[in-house]
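Shared between the two complexes below is chain A, which has chain B as its partner in the first and chain C in the second.
Now for the complex of A and B:
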């Protein structure tokens, strides 16, 4: 029998206004326990202004074998980058 | 130690701390943001139409791929913004309904037609250029999800402006006819682009609250001036003329002076009577209806 409870992924916001970033995971039986464990494990030195916990089983993730299929289409579209374009000599602030 | 909900909110705003969806916030702040963010989202989506009009007529495969990528980005910007608005408790359906019934607006600039290929250049350079100036400020807006969406959007916008400027530069340096098309597009888009910043906010009550809540950090006039100061030089470099006989550099202030804008036209266009308003909404409704079966299938 599994005695380890569910796995939860932890996202920490380091400063107000910033994006929540993945920090790691904890085991917990419910939301509240997950938040408390996340606080104890990942924010002991004032690292956080906010915390999100998400049950790992609820996360849909891409897999390594899908990598090419998912991300290849972006590789040959260099025209999405501003450096692709010729800016006339002397033009400023663009 | 702040005790009431308003105290907590006010203190966060004073200390320049972002407000997150679950933080306490005054109802008027929430409503102000719902309106602003949803209208920003509508502008991204409706803004795809004048450019989409040229996809099948792009002059080269290169130009077509770039234009497609640019328009796809705008659709993405709409999605970032609709999601940010949803964190405030409004649903996507409500927002779409407000757009389609005319209760919510979108930027008046998208009610002008893109008549020639040079317009695609002018839109990228001027319309996206003006949007960038506004959006750079909004990266520091007080509502966290909105500010974060702006950071993402600003990163993507810079290609939009450059591709437009590249088109303008090429056409300005092309045949006399091409040069004339570029100048004509600039003539038609200049004033609508300047009006994107909105009327002077000196008297607007909305603006006053927006400043207090740090939703907004610079005035419409200041942002417009920034845009003018940047753009005049870019115009000269490619050999075009700013279509304003009163344009003058004031050496004392270090800024360009321009003619007053026609705000009657602005109000007329934003209230529904511009060259393409009806067409824009009809197009949106048509495709929204045609996609109904997909939404319904999703619920089975």
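Now for the complex of A and C:
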């Protein structure tokens, strides 16, 4: 029997303004416990400015069997990549 | 008693609470109900170790006899420790760990609040630094109080049992002796009478939320202000001080 509490995925923001990155997961029975556990497991050495937790069951994920259908078409069409433009002289960004 | 001497004793008491409760929490390492809580308790234990170091280093300076902070922890005898009896009570089960932490952190939170505004700059600085982590300790313990108090009949019964067993150790938290009174007059020490009513309100509210019955204020245990302890402190020190006692020249 699985005696663990629900699984929650943890996302950590390392500096204000930066995007949240997946750090791992914790077990918890509700949001508050999930946040506390995430704090204790993933930010012990002060490496965070923000935390998100989300119930793992609530995440919609792509399945491995759909990999070809979803991701393959982009790989062999180099014209999808913006590498054919002449960059005007003097432009730093386009 | 000179003011420096009184302040030395005051810091020693604060440090002793931190080192003894920190040791009890460290004993929970690998014994908590699950990994996340294990890390949470170890984090709290490390918070206490950190503040113990700050208090003992300051105490050693105040004493001015060339002893270090480590000397104060590892080379004093049981009767020279002034930690509250509550801090040395054993980790009987998880309910005891949580109730002990809740009762102490609720006290500690208001104590540090008061010390932050105190006239001794060094003590106020330590208090300001540790108040933040103490607010987390209290939030963490309060959440568990409510969760387990309102959990199953079994968890409620265990929490009530731990609360009833530990309650007689709470009266001592508010005892004031000459050291307190002298430093209170100087605006350095905290006024434990004021803190007592704040603590009572905090505890009453959480116990209500947790569906736990507040035990009556009957006979209260006492002694730690004079270095008199329950049977548990000697065992803690035997373990904590073993290495230094066996190898007095050891360094780390």
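The definition used in the following text is that the second predicted complex is superposed on the first by the 81 of 94 C-alpha atoms of A that agree within 3 Å, B and C clash if a C-alpha of one lies under 4 Å from a C-alpha of the other, contacts with A are read in each partner's own complex, and residues count from 1 in each chain.
The rule we apply is simple: a residue touches a chain if its C-beta (ideal position, glycine included) is under 8 Å from a C-beta of that chain, and two chains touch if they have at least 3 such contacts.
If you're wondering where the values come from, they're calculated on a predicted model, not measured in any experiment.
Looking at the superposed arrangement, the partner reaching more residues of chain A, out of chain B and chain C, is B.
In the superposition on chain A, contact of A:27 is made with chain C only, not with chain B.
Contact with chain C, but none with chain B, is seen for A:5 once the two complexes are overlaid on the shared chain. When the two complexes are overlaid on their common chain A, residue A:45 makes contact with neither chain B nor chain C.
Of the two partner chains placed by superposition, only chain B is touched by A:79; chain C is not. Of all the residues in chain B, the ones that touch chain A in their complex are 12, 17-18, 20, 62, 65-66, 69, 73, 129, 144, 147-148, 156, 158-159, 161-163, 165-166, 169, 230, 233-234, 237-238.
Listed in rising order, the residues of chain A touching chain C in the complex are 4-5, 26-29, 32-33, 36-37, 40-41, 44. Residues of chain C that touch chain A in their complex: 34-37, 39-40, 43, 139-140, 143, 147.
Across the complex, chain B is touched by residues 13, 16-19, 49-50, 77, 79-82, 84-94 of chain A.
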